[in-house]
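Next come two complexes built around chain A: one with chain B, the other with chain C.
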Partner chain A sequence: MIFCLTQSVKLHGWLDNVLYFRSANLRCRFAAVVLFLILGVFSMLTVADAQNAPEASEKGKEVYEQSCAHCHGTEGRGDGAAAENLLPQPRDFTRGLYKIRSTESGELPTDQDLFDIITEGMPGSSMPGWETALSANERWEVVAYIKTFHSGFKEREAPPREISLEGKIPFSEESVEIGKGLYTELGCIECHGNVGRGDGTSAPTLTDAWNFQTWPANLTQGWTYRGGADTEDIFKRFIGGIAGSPMPAFEGDSFLHFGLTSEESKRLTELENMDEMTEADEEASNQFYEKMDEAVNVALTRAEGTELTAAEQRMYDDAMKIVYEKSWHLANYVKSLMPEERPEPAIGNNVLRSQYVQGGLPTIDDAAWETSEARYFPLVGQIIVEPRQFNPTIDAISVKSFYNDTEVVFLFTWDDRTYTTGDETDETTGKPLEDALAVQFPVKVPQGPTAPKPYFLGGGRLPVYLWHWKASAPEQVTELTAKGINAAEVQEVQADLQVKSTYTDGQYQLWVKRALKTEDKKDLQLESGVFVPIAFSAWDGSNGDIDTKRTITSWYTFVLEPVPSSRRFVYPPLIALLSFGLLIGLRAAVQRKNLEKLST
Partner chain B sequence: MKTYLLASLAILLVCCAVGPTFAADSDAEVEALVFPDSYTASSVSNGGTINGVVKFEGDVPEMKMLEITKDQAVCGATEKYDEAVVVGEGNALKNTIVYLIDISQGKDFDKATKLEMDQQGCQFTPHVQIVPVGVRLTMLNSDKVNHNVHIFSSVNKPVNKQQTKNRRKMPLAAVKKAEGPVSVKCDIHGWMSAWIAYVPHPYFAVTNEKGEFTLEDVPAGTYKLGYWHEACGSNSEAPVSVTVEAGGTVTQDFALKLK
Partner chain C sequence: MKRLSLFTTCLIILVGSWVFLEFVVGGLISVPIPGSVVAMYMGLVIIAILVHISVEDSLFQEFLRPIHETLVDDRRRLRRRVIAVLIPIFLLGYTYSIIAQRANPPGSPRDAHPSPPLELTYKDEVIGTMQDVVNPFRHYEKDDPEAFKAHVENGRRVYHQNCFPCHGDHLDGQGHFAPYLQPLPANFQDPGIIPNFQESFFFWRIAKGGPGLPAAGTPWDSAMPVWEDHLTKEEIWDVILFLSDYTGYQFRTFGEAH
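Up next, the complex of A and B:
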């Protein structure tokens, strides 16, 4: 209302001249509405204006050198002081290769694209979001400055061709099914693997435009997608490609059966997969190829910058419509591979609870595992002790557990793009590089609420008890005792651990069974209801993980969920009965006393 | 958010303290060809010829056998070798580009030549391809496996297109600017490697198995003759001067060492 009062003073004279108001209140309301409209239009204008960065200025340079140059270098070559240890490497801005764009293949990004990346950061890389650290103004200044590193921004004559999101195909089972077919047909499997865990047969040899090793995305982990994991984001990566990386763009001229309808494409695939073709088949397939050639020719003409005739444009649009449709189906399929959100770490209500079962414990492939909810332990690179791992490839491990009266069983599951069993050796140590996992418990469970947890891999006074599994001995777990990260010893007495493991489609499963109690004093003894610290380390041999160069979790908690006792049907009623009896007795006694009092 | 920033700052600090732990293959920067500022095509009559042989000087490195890591049936049927240095009989050096650096006027491109690069047995053939500016190169796929054609241009738009197993022919858009040689790779088969030079005039030749090259219909005059080889580098800083007489033939041989 104060707003209305002050504003209406300014507008009063003008409004009174233009319109006749019956009441001051109405007039005030009208004034407010007009003002809001004006403000609204004004703010829309500024927002529209914000789509383009300002001219490069000293301010942008200043912000860049303060916040960006450590990684990206003062000259924008991606060679800042911190660059050497980062993978993915910080972007070299001088080549104009930008991964995350809303523009077509081969185009530079829009200013908004650059602004968004700076604001939101790139998940799965070292690039943080700067939304809180830099003001919007500063971010726009940086966008303008970054553009000065590559001449293409200045030289471009027309605005970049943006990818149209029109005609989005909503998520449905049918769409996912079509997308799944395309996933194979287009060759996504080569790098991203059968079910998308980034474990394709080409994954270990991929390099980027700067000759740095690069891993294909694990499509089941949406939270690691550099440019976001919304269906629209995924779609844009298809159409625009990921410049500088091995990910190709779905351009018209190269797309599978470009210019053919979906039915024609299906028929041609059948023909192409025939061992022998009849003359009629040959003729039919040639006709399809001619049609494709025509459409491809138009797409190339457009790519070469020649104006298309109306008829050509129509042909191009029709053919591209199918490319876009198929890309939406594929995006829906990729979307179907990931959980909606990253699972919560196993803390608070999520601690790892081993469930009690009567009788035998489930084997590795038992359906019983599906009845148990996995607990999730995020892994990070170990960067405290040399050798360090700055570029971890294992994201997390998930765990399930059951126990009975005598034994406990665990099922550990983690994604690893490559199956490495020690064929290659580490250059410095000469040790074989192989995939491995370690599960860590204290030897003695700390008692009391303030008791310290065992130090990082066991301190001098609080040793840890370890299970060490290696891919080269898939059915064996070694028991270790450690009093520090470099002071692990194989135990003289090895408990009778049962071990099974599998590696399928970029995922390890490790199954370990042990007795709750052992004779060995160096082993952890398990008791129901006791909260036990637990931690994990994982090694990806193909990522050079060896010794302390590995991924680790912090300490979490694990408990054998106490069994609700069957005696609960005996004791509580008994106690109730006793108390009731006592009450009656007491009452009777009091009454008797009172009677006695009365009678005297 | 704050903690994230702090964490990344901490990581940065550690990074700074630790120094290098890895680096990419530090391939020396690929040397570029030198192109004239402008070129005018016209008919050449009574032009001369420049020919010669390029030989390899020094101990011939053993050809590195390629490690075939996938699609064995197609890619690993025969032994494959890295084609960075191919030395034939009499130390003849294959795949060397020999060209005129400073020609500004001469014949037009032979438009009839079909420009193709094949992917056969998971290797590119030829290993070095000259592509005139404004002409489309057609990529062939003779293999029944998926490939992707990745051309690391920087002056022109880079190319990265999948060529699925049944796509026998895939023409690529013509480029506008002279550039190169640029590296060609297949990301699916990491060992596949080739080079493309986008050129503004037709006076470019690639040496054959015998190390031979020929540049024909050269208008009479004195020119700078350049060479480029992927492992031996180029002479663009100190090119050889050759004088061509009308209708005559001049021979210029080269002996190249590893750079």
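Up next, the complex of A and C:
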């Protein structure tokens, strides 16, 4: 604005000099015209830059009812037809609790926030991005309409306070190290677990503002972060909180030692951990508590909308400065927990290849596994047969494999927030709820691409061969044969499978070894170089997974990768030599011909 | 500037044609052209060059001259040596890469729209022949718009309670489970889908699901449920009404072209 005004003064002066108006009247009129033009341009600029939705209209209602109401309900209560099957539940707009905001704690989101969520969707939930399905205008109309469900939008007088991203601390190893310390110190570990897999001790007990169960984010899976996984996104979730969920905003008494400097905070922790305190110590710690109380009170006053005095404002700013700094370090640490992108699924030529080794196969904790490339199999809910699972909690399973002349070994790894071994039972069936995994192969490998395979959940004429592992029997895999998802039978002859498993920090590892060939006709017989269909199912007991209520993959491919042919060291040099010889021969032939020409 | 020799010109035409096919044309249609098509066009280019240089004996001699020179002329010694080293090295690497290549699984030749059976059934009940069966509620569109709207609304409910995790909120086949299914769920917003099929075909696909496909449709790969196990006949017809109502596409019909 100031820039524009100075520009306009300059422009005016320049024109004045060039045209040299003698009449004051004319000059006055000219100035008015220039001012008018500038104001016009200025207002146009503001419109183009607008981050606010238009007034709510019939158009917005129409788009909402066509595209949003089936989940969020016609009244915006989050109770549309699809809602009963969904967790996280579709947002109830009437309470004004919005998870993903660029605004401070307690504030409603900006219009731009709402627009961005509609545009990009919420990864890890069933909210899709609407960028291609709805025009930008339609999305803005929907934003305006959604705002009518909660009176707070109309009543708010000042624009919401946005979270400042100034003072960002760039990603560095030191910052990650500091963030790692804060992760424990601030209590993140209690929900998100030791290494961030969402497996903290309080993870299974969490509910949201509507009393629906909610799981803490698995921080190692950036692709499931509802509001994006950029460092700035993570930072905003800290400062603003995730409204309606148990994730608190870092302010006031939900932040450890709010109002103390880092040194004071360190000192207070020391004091709190002392077995016996001297009088002086007690005095010191009381002073710290008083200081914290004051800061928390100021934050509360501010949140209520009361104007702060200059001294209070200074105290609040000092307290928040530390919160901001620590949040940037913590955001850098969280960022360091995830791979840059979700791994590619094992489709196309990206098949699961078992690597040949001579001699013994690696045990479960062998370093050799690190040298092998994992293949990644994303899981989806089984919604084909009742009971169905619309809200899977297991994201994917990653697999590695080795084989030698007689045996094959697999290492299956998957994240599960809870270790469930059947202590609780399913209400409808009375069966124990527990974590489990099944690996599926055909009994007979289809010969050629057009030959029929078994149906991937069974049901066709061709049977499948299954390995079934349960958390309650961690060193045992049962062999099954099935012709349908509900028709699995335990094989009479159980092959000698060696099994080991571990559960650490929200992650299962299962190690299974079997002979390549068995005597049992109901078993899959393995041969090097043959492409074998493979599929997986996983059960998360604490998510109510039981029987057909589980997560599944479609058919993928597995192969015992043949040992590379030694011909690769023979033919290429031979061909190179041959081509060299041919070139020499060609030259000799041409030379001879030239000589003949000369001599005749 | 020196005139380019005939040999160099031919070489430039050959390489230029390849670059044009692979990158310019490929870039325009934004999908890579299949290798066999490129090979065919390149074959034509080579034949054209051969015809051109062989129409006159003098042209052919001119074409051969640089090759001849490179082979025997002492002024071309450096070029000769470079070529004598590069060609064998290239062949060495090329044959190695072919022999050492990992075997890849064969692709599945899947017919996305296999032919339906002659008769349309729901569970074991015969509804009629595939060709003649029409949606029993379609006529409401003209006769009783209120009733029609109720059926569409019911279809909307059925869709969002059963279909949308795979086929998507926007019916574009991009539900949140979709990326991890092979084959991908159908995209009803594709202009080539709804207008090409009768409603009876959709009823068949929904009622019998993946397992009801003939072998050409690789029933063993599809994750499409057998919906007659979960939905009533009415619900299936209603969801079909919803599909065309939401997308704006009309199903194919017969016998109206008079």
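By our rule, the second predicted complex is superposed on the first by the 507 of 600 C-alpha atoms of A that agree within 3 Å, B and C clash if a C-alpha of one lies under 4 Å from a C-alpha of the other, contacts with A are read in each partner's own complex, and residues count from 1 in each chain.
In the analysis below, contacts are C-beta pairs under 8 Å (C-beta built on N, C-alpha and C of every residue); 3 or more make two chains touch, one makes a residue touch a chain.
Predicted model only: the values in this text are computed from it and were never measured.
Engineer: Name the contact category of A:F390: first (chain B only), second (chain C only), both, or neither.
Structural biologist: Both partners, chain B and chain C.
Engineer: Touching A:S254, do we find chain B (first), chain C (second), both, or neither?
Structural biologist: first
Engineer: In the overlay, answer first, second, both or neither for which of chain B and chain C A:S202 touches.
Structural biologist: So A:S202 only meets chain B here.
Engineer: For A:V559, decide between first (touching chain B), second (touching chain C), both and neither.
Structural biologist: A:V559 sits against chain C, while chain B stays out of touch.
Engineer: Pick one for A:P474: touches chain B only (first), chain C only (second), both, or neither.
Structural biologist: neither
Engineer: Output check: A:S126 vs chain B and chain C. Expected answer is one of first, second, both, neither. What do you get?
Structural biologist: both
Engineer: Under the stated touch criterion, which partner chain does A:H70 make contact with: chain B (first), chain C (second), both, or neither?
Structural biologist: In the superposition, A:H70 touches chain B and chain C alike.
Engineer: Which partner does A:G448 contact after superposing on A: first (chain B), second (chain C), both, neither?
Structural biologist: Second partner only.
Engineer: Which holds for A:Y571: it touches chain B only (first), chain C only (second), both, or neither?
Structural biologist: second
Engineer: Residue overlap on chain A between the chain B contact set and the chain C contact set?
Structural biologist: Comparing the two interfaces on chain A, one with chain B and one with chain C, the shared residues are 70-71, 81-82, 84-85, 126, 128, 132-133, 383, 386, 390.
Engineer: Which stretch or stretches of chain C touch chain A in the complex?
Structural biologist: 68, 71-72, 80, 83-84, 87-89, 91-93, 95-96, 99-100, 102-109, 156-157, 159-162, 164-166, 168-170, 172, 174-177, 179-182, 209-211, 215, 219-221, 223, 225-226, 229-230, 246
Engineer: For the complex, give me every residue of chain A touching chain B.
Structural biologist: Within the complex, chain A contacts chain B at residues 70-71, 81-82, 84-87, 95-97, 105-106, 126, 128-129, 131-133, 185-187, 190-191, 201-202, 204-207, 209-213, 241, 243-244, 246-249, 251, 253-254, 256, 269, 272-273, 296-297, 300, 303-305, 383, 386-388, 390, 544.
Engineer: Residues of chain B touching chain A in their complex?
Structural biologist: These residues of chain B touch chain A: 1-2, 4-5, 8, 11-12, 14-16, 18-25, 27, 69-71, 136, 146, 148-150, 152, 154, 157-167, 170-174, 176, 187-191.
Engineer: With touch defined as at the start, can you tell me which chain A residues reach chain C in the complex?
Structural biologist: 66-67, 70-71, 80-82, 84-85, 125-126, 128, 130, 132-133, 345, 347, 349, 351, 353, 378-381, 383-386, 390, 448-450, 452-456, 459-460, 462, 529, 531, 553-555, 557, 559, 561-562, 564-565, 567-568, 571-573, 575-577, 579-580, 583-584, 586-587, 590-591, 594
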